[in-house]
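Sharing a structure here in structure tokens format.
First chain written, first letter: the chains are A, B, C, D, E and F, and each begins at residue 1.
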């Protein structure tokens, strides 16, 4: 009986999100902890069945590092970005496209979805260029210059769930590794998405990082500068907030930074009034 | 969190019923008790949003009697069927089409559906003829001779929920009141439905009607004759079982006789393994 | 041979109206006289078969009064509008939706149409609010606030003829009886109709109401105020002219106030050069 | 008023023929008398507007002879078939396709149709071969070997009226003049038409050719042999009856041999119960 | 192997023109020399198969003159335009529509196309009016007033190649012979074509008509007046350049005046970088 | 000019293959030699632009071995099949999906195609099971049990070129490496392809493997057993011939074993009468 009650309580959320595109940046613990992985996949398949259009963009840092070590390849970071020579890029692509992307596709299908794995090369989905980091050349680290969403639109017509590896290509044929948050934000803009959700390993934006009760439930774009100035948003959270900002400025309805370490975080965010994590709006 | 759990537990059922047509005979307490009414409407709207195609056929006996009394019209029954002269038929049609059907449509729409009310006259949906009851002429009491489901198909294309009053018409222009269980069964066959659900005021088929623990959870078509012979299926249950039998013989996947007095009976039937009430299969 | 001649003479009219939407307010004698009823239904089915898209909105005043008397319910009018308490509204809805609408649907289908009856509740077709009549509260007498024509569009795709009862609903769930001329005008605007035809019990607008030879064959919107000021348009004709005015201002091509007491008035209006009644244009 | 009456009387016929394909062999007086020409064109445009799908196949004998004489070309017939050398074929094609077909197209369009002229070469509509007439080689006189109706189907989708000149082509690139009755019959079969109507210069099949009161109103396929044996069907009527027979055997619903000298003969045939001329059925 | 090389070299051109509409004015030697005829037809069918949408407009001057002489009809020209009385118009139409158009259609189909012949009367494709030539009445010589491209659009949907005879009609039912270059230009504008190609009997625009090495490979619209002033563009070339100018001003991408006496001139123009003849751009 | 000639000579082939599905097994030298790679990609993009539907299935043996060595993983073969433990499977998937597939997609897109990379996991394209090799367990070496071609059909609708890595999955979630020839054959059957082309490193089937002049240009299915019996078909050619046999028995029109070491081998096969390599037919 309580089951029926929960379902009925979900009805307003189901109605509200019916037919809506939700881009999900999938990464962190939700991508490494076995149980969390299953949970997220179930959440996404459920989203699909109740009428939403989830689009997955995944990262994969730790696996790349692991594979590089296995191949006796030195791992080097500058300002949190991996220095990526040609060989590193090749390993990165193999891990992202040939391992992690495949694994996500398989899991979604196992739970009843019909997922299709895509790198940014398929259908010219992601065009990129070398990212210049204050004049430091990090090699094949890129940024998005153009999203061609045709292949997503085509797949959507027959209810496939796209799963995207953050790999882009420039006109000279170079392959780039791109930050997955940035790809997710650009994808959300190109697809005119209603929501962008970043699964992270923190509860959201905390005004005091040590005190989880200081979670900001809502943040407005105009407050960002001040928050950064005051040091509330800093470190790894800063580029995430910037990605959300770009998405919102590009027309995405809402963005969410949520805690992927919580079981079924996506459903909690989508199907409860209070949600979890930090929501950003214009 | 338990909410997410319930939703995820529902996923296999949602997948199983996605795109399936479910004809629901709506009547009894579920149609008179204010809270139960709300519950059923929520259930139906939820069914629609998670991808099913619910089609509602409703009865209305008590309201017809009430209206007849209000109009000082004598009420007469023979073998549980209302003797229906021309004036009674007019009152019946007004109550079924102009009151009850409207009320159901309004309630569904209030809960976020897009329901459309139909009598069997609209789009020539139900063709009927006079029902001869062992040679007794009951007047304008009819039985279905043909269902023309075009209007249902048309409305389905744009996600409308059809709500059908059990009124039919013959080629001479006579209007007939038809048993709603029979209309629901005929509709389920014509629509090639996956399920027919009869909402009743009993727990299902009980081998001992006084003992609810004797509920038959499953019944096979081939067992019906014996059950009737042994008096297990009798009285008002008999025509309901016969309606289910016709539906199953006509190609409907499963039929269910469930207890509409239970809150959210539809969801319980659809979203739990054990279900409620008595399921009939070929 | 003269038959062929008539058909050929009709060709220019058929061509002119092919694919055009014509909203018809059906009421008065054409709705009560048995022969006139048959005639109108034939006209409408013919319109459909020669390529027009007729949409019927019907009234029903006299039948409501009759039913109220039958139920010993007092009938009260203020300024020509029925005072409508909850019980009256219930009777009104039953008569309009459950009797008159059904009768029209059945007649159209008997003549070969495929009509579908709709109240303003179906598909949220008509949203209404309480009509305030110079501060006098008449109860559940409403006015149109919004038309959602989706259900009409859906039915049109498969050649169904919609027949609409002038019942609306507000967001609180209250049901309102609305003037059928006003519903027809609002419907014509929402459907971007080419024509609005009001079937009445007068020859059209007469400058001298006692002299039928003083019929105005054409009236322009800008002449209305003057005509009202001079008392030419008065009484029951005034709201009809206002309804036409609203339709014309809302983009409807032409409106016609014609004499429904004339046999096949619709065809005469549509298929002869002089037409009948009074035509209004911008 | 009588106009409305006629229109209403036509309604059953309009309903019966709605959406039906009617192939019309156009020739004889109806193609040469100026007033009859106008009448036929009006009939065809009317047929189109009331929902039928008329397809016109025309002949042109007299005009070809006239043009040949103008060009000082000798005209020779064997058994009623024109001996057709290469030059004659060229003249024939110019007259049929470049003059008569164009004229029919222009007249239909003038009356509000949207006709498109086609020879059997367009879209490979008619493949033909040399007709061997008891061993006599008549030159480029052909018979239909295959109809490729794609271009008709394409044009039908946008409501164009096809007008077909009876010219065919073989795989070697030879052009043939084909009997228009035969083309019409083959076209009716290929289009799965409901009716084939041959406009002729006789009242139909008369048992006594001198007595118009001996008109056979209906003929069955199985009666043909006997009728020919008895000399009732003879001369030019025989190939027409054979064409009808082939059409009926090929699945066409009915065929009609009617008197094109009667004004609006098509409408009389289609819109009156008795029809005119001789109807053939299986 | 060199074959593969050529095909691969063509790929960039095939890609560039995929889905593009190319209107071709067909005339001159390419229409009279047997081998050139075959070549052009092959070119057009190839264009169709590699994804372009060729639309053919043909002339026919010499054949008309020939036919007129055959019929002992005097041929008279004023300023290069044929004086066209009613009889001449009839001959013109027969030759253009009934002979030349048919021949082109047959040749294209022989090479594997699915061509459909059209005069400007079919589907009301070309509406025209009398062309006044400095006050001189040349009879039925016309100019385009309106193109209704619906029939082209319809045929295009099923991959037919339209072949158009330059015949137009006015509202009074008069038929006009129109300059084929002008029809091609108007057609290109109405179809929003990417290219207009005029097949002529000269190499293009030569600054010294006697020296083929003085061929202008490109001409801009703004240079035309000056070129005419300086006498570089004169005689028969002038109206061709004006037709191109109108097409370019009407939104056509590029126009080409090429030498139809060169075998496969169309392919050379489309599939080589340098092209042939003179290209005009805005 | 010779260019035009070649194009025109290709026209019959283009016509013959228009709209046809051609499955290409891509492997061997054509996949490793830089120039040959470019050539094949151009061939495929050209095929797409002239109306064919190429579907690519690629192998990747040498690259897998190379990657395994790089990771210090021992490489072991039994009867020509790689022993594939879990770690080997992971490397295999990374190389096939994350490197080779990506490279092919990128090259095709660079040449103007719109390729989309797919493993057999995407859209549940390839279901597989463990291949038992005469009782020897080779680990995750699989064979196709089912192809679900929906994702290919979806992508085809918008002109994408699918590029498939021969990876399959069973219901327990195990991943298998499958022989690419076998996947190509199964894919050709599931897509109802007209052609299956295997790019190999031999000229085709030679009756004397040392003498290229003994190439069999055509082989019939019924001759296979005899050829194997006589030792003409042996070694690595045997499974290829068996794959072709299965394809032909499954309804594929023709299969081709051609020499991928020849530049533009695909075009030579498709666009010349003699073709290259060995063609197999039923």
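Here is the rule we go by: contacts are C-beta pairs under 8 Å (C-beta built on N, C-alpha and C of every residue); 3 or more make two chains touch, one makes a residue touch a chain.
Remember, it's a predicted structure, so these values are computed and weren't measured experimentally.
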{"item": "Neighbouring chains common to chain B and chain E, by label", "value": "none"}
{"item": "Between chain E and chain F, the fewest steps along chains that touch one another", "value": "1"}
{"item": "Taking each chain's C-alpha mean as its centre, the one farthest from chain E", "value": "B"}
{"item": "Whole-Å gap separating chain A and chain E, where each centre is the average of the chain's CA atoms", "value": "56"}
{"item": "Approximate Å spacing (C-alpha centroids) for the pair chain C, chain F", "value": "69"}
{"item": "Centre-of-Cα separation between chain D and chain C, whole angstrom", "value": "46"}
{"item": "Mean-CA-position distance for chain F and chain A (Å)", "value": "35"}
{"item": "Multi-partner residues of chain F (each touching 2 or more other chains)", "value": "none"}
{"item": "Contact graph of the chains (line, ring, star, complete, other)", "value": "ring"}
{"item": "Cyclic chain order when read starting with chain B and heading to chain C", "value": "B, C, D, E, F, A"}
{"item": "In the complex with chain C, residue positions of chain B that touch it", "value": "70-71, 90, 93-99, 101-102, 105-106, 109-110, 114-119, 121-124, 150-151, 154-155, 157-158, 160, 167, 169, 173, 175"}
{"item": "List of chain E residues in touch with chain F within their complex", "value": "1-12, 14-15, 18, 39, 42-43, 45-46, 49-51, 111-112, 263-264, 267-268, 271-272"}
